[in-house]
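Per-chain residue numbering starts at 1, and chain names A, B, C and D are given in the order in which the chains are listed.
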Amino acid sequence: MIHAYQLVVLIPYAAALIFVAVPGYRVGAAANVVVSAATFAAGLWLVVGERSVGDYAIVDEFNIVFIAINTLVGFTTALFSASYIGHEIETGRLSPSFVRFYHAMFQAMMGSMNVALIANNIGVMWVGLELATLITVVMVGLYRTPQAIEAAWKYFILASVGISLAFFGTILIYLAGQPALGEGVPAMTWSLLQAAAARMDPAILDLAFIFLLIGYGTKVGLAPLHAWLPDAHAEGPTPISAVLSGLLLNVALYALLRFKMLVAGQPAALDPGPVMVVMGLVSLIFAAFMLYQRRDIKRLFAYSSIEHMGLIVFAFGMGGPLANFAGLLHMAMHSLTKSGIFFAVGHIAQAKGTQRIAEIRGLSVTHPRLAVVFALAVLAICGLPPFGVFTSEFLILTTTFAREPWLALLPAFGLLIGFGALLMRLQDTMFGEPVGPAHHVNASSVPMMLHLLLVLAAGIFLPPVLVAWFQRAAELLG
Amino acid sequence: MSQAYEISHLLAGVMLVTSFALLYQERVAAVLNAFAAQSITLALAVAWAAWSDNRPDLFITALIALTLKGIVIPVALHRTVARLGIHREVEKVVGVGAALMVGLALTGLAQALVLKVATGMASHAREDLALALAIILLGFLMMIVRRNAVTQVVGFMSMENGLILAATGARGMPLVVEVSVAFSVLISLFVFAVFVFRIRERFDTVDLEALDRMRGDGR
Amino acid sequence: MTRDLVVQFLAQGAQMAFVLLIAPLAVGVVRRVKARLMRRQGPPLLQAYLDLAKLLRKESVIAESASWLFRSAPYLIFALTWVAAALVPSFASGLMFNWAADVVALVALLGAARALLALAGMDVGTSFGGIGSSREMMIATLAEPAMMLIVLTLAIAAGTTRLAGVADFFIAEPFGVRVSLALSLISLVIVALAENARIPVDNPATHLELTMVHEAMVVEYSGRHLALIEAASHLKLVLYLSLLICLFAPFGMAPATAGLSGWAIGLAAWIAKLLAGAVLLGVWEVSIAKMRVFRLPDFVGVAFVFGFIAILLAFLTRGVFA
Amino acid sequence: MRRPALAFVYPLSALAAVVLGVVDLQVLLSGGEAAIHLPIGLPTIGFHLRQDTLSAFFGVVINGGVVAASLYGMGFDRAKELTPRVEPLFPLFAAAMNLVLIADDAYAFLFSWELMSLASWALVVARHTDPECRRAAHLYLVMAAIGTVALLFAFGGLAGPAGGYAFDTVRAHPPQPMVAALVLMAALVGCGSKGGLIPLHAWLPLAHPAAPSHVSALMSGVMTKVAIYGFVRIAFDLLGPPDWWWALPPIVLGAMTAVLGLLYAVLDRDLKRVLAYSTIENVGLIFVALGLALAFRANAQHAAAAVAMAAALLHVLNHSWFKSLLFLGAGAILHATGRRDLDGLGGLIHRMPRTAAFFLVGALAISALPPLNGFVSEWLLFQAVIAAPALPQAALHFASPAIGAMLALAAALAAACFVRVYGTAFLGRPRSAEAAGAHDVPLVQQAAMGGLAFLCILGGLMGSVLATALAPVLDKLVGGALPGPGSGPTPFSLIAFDPARSIYDAPVIALFVAIASLTSLIVVHRLSARRTRRGPAWDCGFPDPSPATQYTASSFAQPLRRVYGAAAFAAQETVVMPPPGDIRPARFSVVVVDHLWRAFYVAPGRMVIGLSERLNVLQFLTIRRYLVLMFVTLVILLSIAAVTT
């Protein structure tokens, strides 16, 4: 009997193999959308279906949150990339030969991410995550412009070092689990490891967590390790930036949180909370300051992603049911809003023919509908009501102030600095006399509107089912 | 049986020495030879572990380590250095003395960290792990203290050797072979990229008409 | 009960009539004293009445750019000042009207009159009006804080801000020399000089553009409007004099319940004290020269400082502190 | 192409505001309460809405302002004005303000609070082609965000770690003293920044004038009241019994804001910016009153606390009326002449008689002159200050004379400021062609201003009636009440403590002034010759006195600048005389330094940009250096792990 989790992995991989053979772009794009829709449906079935723990696959409250977000954003990104890449080919920025394996790689990436999320085995998760990373390295270099290749090269080297450190962390976790669970696969299985956490050696767990934090932290884009993220977002095609910001960062965060749960299971080990709080704050405040100097609109939102991932890691670092719930909610809201913003940015870059903020002026005059959606999305990411990001930031800041009044000043400071910069850039692009070309763009507004509506709905009314589900996931996080 | 651990411990020690040798070299060719030596020692260690713990699959890893990293890649890099005219001596960010001092500190740090492990692991496994960790840190150090591309690739590969050593030390860990294969693919991608993009001097620029000018987010 | 109400009403009417009638006389006395001290014959005491009568008969010339505000302001300013004067107890405290407002409202009424006068000055659209209004408002910003401190001192001492209440308190209180009240007396004198545009602050007799403040605002008025403005300024002088008398020299003033005889004595005492005050003002104006406009902050600042010290002393002596 | 669909926006919002106002009035007078709990909003807590007397009172204030602004909006010539960008947001802005009042849990409060800021930001940036508007809008929303973060902390402190955000759970267990102090400071920053307290005021004179006039009337007259409502709700309702020293920050900040706000107003030449600065002054006065109420309540002097709170609430009501009137007047002037600088106006009283009359009422009311409504709340405030020396604590005790002096100075400066505004704008001769060619605004806009003027006069005369109407709110907030109308000699006399102590009977005073002026009119007309003649004004005998000889706004402010400017703004006047024999004109220049703007806005801004420039280097490093960063992070974490046992 086919289980939902098998479908979620098999559909994308099978599609990837098929798409290698599909030459035409048109057919590929349509098929890509259908396959992504199927994966999304499988994802929903998984969420609704019963929880199960197998040897190699696990389905529990925690990881279905990620699968739901991944499959949804994957589907909307496929929709967006159909029109975006089509437009890029028409304008000649991408030749059909470059795009030959685009859809195959897209589905392979989605498949590997789902593998990483479903895997009950820390080794398989590592393989899934690294495969997805390496595929995005290739996709970042899709445009074959010098900057794109340079960005891909930087991403490749930093990712490789991150991969090896993460692998060493995985070995250490295996060594820690070995005395309690014996040799072989059991010592690498999440459920067993989690159960045996109390019996593991605290020193190895600390060492392992550090290596995993650096290895997977590079993928999450935390501050000192973030260098690859801005260039990868800016130079890669926009659907990939949306996937990077919306999905890949979350999957890496998922891995980090799994190990945090593991380490938290051993009270004698170093408490991972403070380390995550510090790295979260560093990322938040560093990225907020970097927003002011950005000249490229996609790099601007890449740094905004670093800022928000910093806030999410800060929230999970604080721990406690309310903060964890807020962290999960913020992560969901961030991936929806940020990918929505990248959809809008993609169309804006196509409409104005440039990504330099200085040359994008008076959007509200030239493209009113696109401008309104873009403005609402940016105001949402800035944490203004009535959108969901406001709810999560409200919870994070109030709970932090309630527990540590003086600590709460730091995330608030970072958010305010970031808000100042984003608002300044939003006003630069939206208002004033229009400058430069204003090509007509048949913007596929469905993905953007869908994301915005979901975030708006979350801001106003969180269905109790969703709330209960997030709260159970928050308890798991400890 | 303890005699088996003695030998694996010895081989791991030799690998650590070769890591220090990497930092010591002045000329690129010498760096490559030191790396070849390290890879061969790794191959021996893995083979010994395979033989002593009768885990036949490890022989594949040993074979890969020996052929690919022991012979093929060093020779290829030798020829690249010769053909592309990469200048001979190693461009150093930090002097040899300082690099060795930092290396020693890192080894000390690795020892301190691993020795804190009280229960759970047999003593010999702890030493192997300490040595592996030291080799990884030294490989990482090699990547950041030398400027030219070839030495940085070597640094990455020596870090990867440390990983494989640690993986074999973890008795009964699945996936070791698959991961070593994946890593070797990764490394060949590295070397291949060095060939294709003809990275001569800086590791940082993909040397297509000196890309430095066209940084994405220009000042 | 109604007979008592009628008497009260008549007393209040009499008080307002007396104030209005005696005002020009007070100004006449001041001018006469100044002239005699300068060894000049000086105008007759009733000169002010004659001036007002003359102005009423003369034709009123109005500037082309003046609006309805310019023409209606004199009536409003006269009315406001007259009502304010009626509030201050003169020969008897506790008259009917005194229950309508306290000293804060009195100061505000004078403020309203001043604002209307400044606006009327601006309405004409010449530089004189501008000079007068801007300086008048600047002087007001200096005088009002000092006035507030005086009110605060009295409120601490007498426990009420109603003028009749304060007067009753000082009548009943044995007249001990209290330093805080002495200081607030000096402060009130300085504020009165500033408000009435007397010598150190402004020269009532001058028409020199650079120095005049009050005169500059009314330079465009003529005929019956000027008469009303003049009457209002005389009333204001009498108001401040009777304020000084009521607060600091209330002896002889009839308490609220006194009969006709009490009121007669009160009236006589009040007129005597008023004229004495006028004489003192004349002597003061001869003995000091007009200050430059931007020396005024220091002069009126003295009133503010004395007011503040008065309050601090009031805190000590009244033991409110405990 | 004007979408007709939006044409109904203003009438509908006026109607809605009237209905809401009536409901609020009914709840205020009956003292009733209505609460609803909606399942939306925060997951476990939901969206609580409650209408109690306090929110009812503020509801009356806000909906009054909305009615006036909507009436004024109807008068707009829809072809010329920026309707598509303003009209959809206007009702959202009004609705958000009403929602803030009835919010009964932290999330609902901040949700509608931030929505209000967002809507007003969009309205300010409606004229987006003007870079000034954009800069003002940016500063405005950033300051609003700072305020919201402060309020987040306040509600975080109140809710506690368990996350009890509903107001009634908060009331159930008030926070400990230390946390309560932090909450009060956060509330003061949050609500103060929205109201315009020093030093968080600088955005207000930039943002309010940038919005369309009826929106700036709403922002100044009404939105600042929502900020005050926020502070009152937190300080008096949620925080439980106050400490005495809670009163110090609001009083000190309020007094400084009042004086400095007016000094800015007196020196500014832009009409709408002058009105915005005077909004700051009035907010300062209200915060002084609230501070005094806190002090009296802390010392259980309920009668005095009732006087102070009545002063605050009445001033909220009065200010929303006369400030909206003045801003609508300024809008009328802008509409008629297209100019906002006072030095370009003049003589409008002849060309816009009705607007001039209503503006005069507004100007006299804001200068707190009897018999208008501004004086009623000012009188109550002075009575509260006069009662302040009875406070036992030394700090408050000695502060009362200083505060009294500063309030009196503020009252005098307000009178000077609005005599200057009215004098230069409406009186004298027109100083520019636009002023000469001005014509009055459409009837419906005059009706809006007329209604507000009538309210100002009515509020002045019926002060005591309004004070007694506040009784339920006062009792809820400070437990005291003003003495009822019966205790005074006449039914309309306003009494602070008891009739013997202090009394102000507006109708009697107004009646006597009217009688006096009528008698003087009749007597003068009977006695005097009624001949009047029009003649040229005397201007020192110049042949053709050009309008330039008149006093302009800046020359009117010269004495005040010379007296107060040196201390507050380091104002210097420099006159450059040409060398003898040189016919070039002398140069006169004034340098006014705004310390607050430089210290609290320019310095931090430059610091942030400077820091971001230094950090920007990290974007352009080589890959090796990024690896160094990663390596250093790894080594640091490893050494921490090695060191800690």
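Definition applied: a residue touches a chain if its C-beta (ideal position, glycine included) is under 8 Å from a C-beta of that chain, and two chains touch if they have at least 3 such contacts.
Since this is a predicted model, take the numbers as computed values, not measurements.
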Chain pair bearing the highest count of C-beta contacts: C-D
Distance from the mean Cα position of chain C to that of chain A, given in whole angstrom: 78
Centre-to-centre distance between chain D and chain C (centres being mean Cα positions), rounded to whole Å: 34
Chain centre separation (chain A, chain D; CA means) in Å: 45
Centre-to-centre distance between chain C and chain B (centres being mean Cα positions), rounded to whole Å: 99
Multi-chain contact residues (two or more partners), chain A: 153, 157, 161, 165, 207, 230
For chain D, residues contacting two or more additional chains: 619, 623, 627, 634, 638, 641
Pairs of chains in contact (touch as defined earlier), listed by label: A-B, A-D, B-D, C-D
Complex interface listing, chain D residues touching chain A: 39-44, 106-107, 110-112, 114-115, 118, 125, 128-129, 131, 134, 137-138, 141-142, 145-146, 149, 152-153, 155-157, 159-161, 163, 165, 179, 182, 608-609, 611-613, 615-616, 618-619, 621, 623, 626-627, 629-630, 632-634, 637-638, 641, 644
Touch list for chain D against partner chain C, complex: 346-347, 349-350, 356, 360, 364, 367-370, 375, 378-379, 382-383, 385-386, 389-390, 394, 397-398, 400-401, 404-409, 411-413, 415-416, 419-420, 422-424, 427-429, 488-489, 493, 499-505, 508-509, 512-514, 516-517, 520-521, 524, 527-529, 531-540, 545, 547, 549-551, 555-560, 562-564
Contact footprint of chain A on chain B as seen in their complex: 113-114, 116-121, 125, 129, 133, 136, 140, 143, 156, 159-160, 162-163, 166-167, 170-175, 178-179, 182-183, 186, 189-190, 193, 197, 203, 205-206, 208-209, 211, 214-218
Interfacial residue positions of chain A with respect to chain D in the complex: 153-154, 157-158, 161-162, 165, 206-207, 210-211, 213-214, 218, 224-225, 227-228, 230, 270, 275, 286, 289-293, 320, 322, 325, 364, 379, 382, 384-386, 390-391, 394-395, 397-403, 405, 408, 412, 415-417, 419-421, 423-424, 427, 430-433, 460-462, 464, 467, 471
Residue numbers on chain D that touch chain B, as the complex places them: 619-620, 622-624, 627-628, 631, 634-635, 638-639, 641-642
